[in-house]
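Chains here go by letter, A, B, C and D, matching the order in which they are written, and residues are numbered from 1 within each.
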């Protein structure tokens, strides 16, 4: 496994990491979670992504339980959580980054994770109804109180990230060091264009999510939605629509040919393509099944084979079919 | 219930809230307090105002006891307290905002409230004998130590509020975010004129008190002071004089006609008029009796009916009979 | 009792207070200490001065024991301690204001005093071998950690005090608010000349010591050193020399005549003269015997009688026989 | 024993101190460690140097155990540790000064040492893969949390030290106060040339290591490597090569003649020469055997005899045979 610095910070994260959106708690039981974590660690993964909102807090509970059983030294792994969505639809409890919510949320999250601190804590979305200064103070206070080591954002605009950085610089608070954007062959503009100046100016690190565009880039939706897909779950109609886009599935087909030439799956090709971006610190991949983990990890070997020419060829296939 | 941001902060407070001046401890027993809180919460109220000096500390004790019995999640409600008057007439124990008093007071208050922290903590009056810088440090320290989330002032001049804000900005301390002024149809100048620049410049939020001008705006003093009024209590002669002012009671009579047209009481009209001011974050209303709470809450529906024309009409009736 | 602000701070101290140099631990037993404290408090005194070095730590122990027995509310009194001299002649343990010593000393002192915090903590002398910045950080840290409320200096030069103030201002630390200088009719230059600009510029408060010039101003050394005087103790030869100065004892004789006219003792006159200086926050007086406390407290009544003419007359008698 | 200020700080350290590279844990058992510490203290040594990496953590364990048994007052001695190398070859656990590692390391180190705090904590080497700002925050946080009193660096470049100092100054954090460089007759450039401006500009103190150039300056390698030398241990081939350098051993022979004239060993002469440098705060000497401690301590008497002429003579013998 290769390790990369989280942006300009000194923290080393494995370039492939695992996350748990919908996964733990909904589809995977405790034992499976523990086995997934262990398999990932065996492959060299040291970063395990999580969030308060994943499975309504259960994702944290299950990961906390698994980590306790696995009993690895705390220094040896990196855990994250994220706050914004909240667990209850009530004022100050959801869709907010205000001080009251954030300081409550970190304590509740650490309780579920059975940890003294998380390594990374993210503002899961921007909150237009809270001043960025209030949020910066609360995030910095989490670090000052020893409840987190580094803080960052997820899906914030470049302007918002820079504002947070400058407020922290001016008031001598802990600055944001990373952002968690969606990044894949169909979603590139934020990472490649909008954030461009931030890499150099503030040393922003990226922990990217959805490398396979919710599975679209695995090719398994080329013939419709399989029965065991989460896109069949109730409340995921929007996902179903997105995954069955004809134009995109056609592109996936063409990418499949390049993958064949490299002797890998289209999913591995898609992940390997992300690894070629030096501004990416780590690619968060899915962790529902152990085989999936083993499969995804092979993207590292594929990345070695992607020459500048092949990279160009992949991007030509996608054309301008990305956001 | 509508919720509003507390000024430019990210905290959401119900636009109607309840307070307890004289109320708890003197006139209302523990059970009544608990029932009042429960009724208010059922109506959507999430902010419960209090102060060290209310009923000499008993108001906090009774609220603390009620909150413990009600056992709501701490994240779901907002509690305040205020310091300045003190509980004992002795140096450093009353009429002060010095460091010694404030750091003592917050601990004693949290003990009475049986809480780990209050959401809002106010300097109950300005103290000309303590430098604003000393007070700002002490208030900011309460927040840094996790004993309060936001701090503000009550009945401070615009100049004093801005001085506190700028000292905190310069020394990178927690800034004041709200002020608790008296505000009603007979008391408008501070809110509407003196603080005007502060809303824009520092994002000041308002938690207003005495919406009914100590009951004058209910109309119940038009024929003298009723026997069950607190204005009959010993030591409240000043209040009795104020409530029986002929000119003002005449105005209340005229407002009653507008209220009749809107199908509401004059008290509801008076509260609704305050709600039309966008700089008001929440109107603190009385909570002696459950019926009073139900009555006051209806002001929200009345506010919807107050067109700009009706607002003008109300203000013309009052004329310049306000401070 | 009159109370004065400690300089520009918001803390109120009784204009007469009691201290314990040599007193507790050496000459006075526990019971006497408790009775002295109680008598002073009955007279309205709210400030009790102490220091690590007084009686080698025993002064703090005895005061701590007495305060515990008296069980007054902690908010109702003000206690000080001071660090510099140390208790052991070894590197980092005496004649220093370095971080190691100061952070050790405050914990040891609070342990002896059986208190959670002292109100005032002083740097007992300047230390040319420690940067003022290091000392300012350590003193400010004591306050930030809740172990003291205000900090100051004792017998520092005006330049050193201002340097400490400006370092704290620049680094946003807690600033020094008071100084404890010797001040009496024979020792005036530091208070009246050297510190002059500091009262206005930084609001410096004064807790003055040795109002009777080690007893010289009581007149009891006009006929030599009495047998029960501490000047008879071994190791106090320097004091004996000072107290038997002929010129000064002659002045004391003349002051005695003014005192006679005002119906008071020369000691009361000397203390009353200090009270006329508005830059003095409190005059620390001796507390060996209860009668001494009662005697000294009467200086307040004498101060009322000192007109500008009498003040001038007193100062003319002293002439330039002062430092 | 003479004591010197640690640079411009107020901390007093004995000009000779003892360290434990390879020593404790590998070659010396617990009893010997305790006896070494006691002998050094009897000689006036108050500073005991250590590091996480020395003997893989065992050096701290053994010193902690010995200190507990000796039960000296904590204020009376100065202990250090250092972080960078780490104990496990894994990401974030070795060769790093990132926040995660440093905050983990200090807790583990204090646990091994059985102490509440260390006096001095060093960044054992510079880490080009962590921003200096991240390291400064973590080191300053250790001090703010009471886990260390002063922090510094070891073998950092002048530019890196100044960068750390200026970042701390700008953000109002605790600044580095000392550096631990190698310094002896064969290794002089860093101390004498590179750091020159830092002594005056930031008051840098020095705790120098390897005064005898790994034993080369004792003269015992003039006839090859003795059987009981650590240079015979496996994995120390590099050391063996260095110690048997013919040119340097020839110089040691000439220094031996000067030593003879002064009636001391060449090792004592080498240490005494270091003591003549006023920018050196303390010379850390070896502590394998009690006799070695007694021997080294005599360097103080030798230093008194080194006139400017003798100093020049020593340096002429060495010529430019130094780094």
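One rule holds in what follows: a contact is a pair of C-beta atoms (placed from the backbone, for glycine too) under 8 Å apart; a residue touches a chain by one contact, two chains touch by 3 or more.
If you're wondering where the values come from, they're calculated on a predicted model, not measured in any experiment.
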| item | value |
| --- | --- |
| Angle, in degrees to the nearest 5, of the Cα rotation that carries subunit B onto subunit C | 90 |
| Furthest chain, CA centroid comparison against subunit C | A |
| Fraction-based call for subunit D against subunit C, same above half, different below | different |
| Centre-to-centre distance between subunit B and subunit A (centres being mean Cα positions), rounded to whole Å | 44 |
| Rounded Å distance, subunit A centre to subunit C centre (Cα mean) | 63 |
| Of all residues in subunit C, the ones touching two or more other chains | 172 |
| Pairwise chain contacts under the document criterion | A-B, A-D, B-C, C-D |
| Residues on subunit B engaged by subunit C in the complex (per definition of touch) | 88, 90-93, 96-101, 103-104, 127, 129-131, 134-135, 137, 141, 145, 171-173 |
| Touching residues on subunit B, where the partner in the complex is subunit A | 3, 5, 8-14, 46, 74-76, 78, 119, 144, 146, 149-150, 172, 174, 203 |
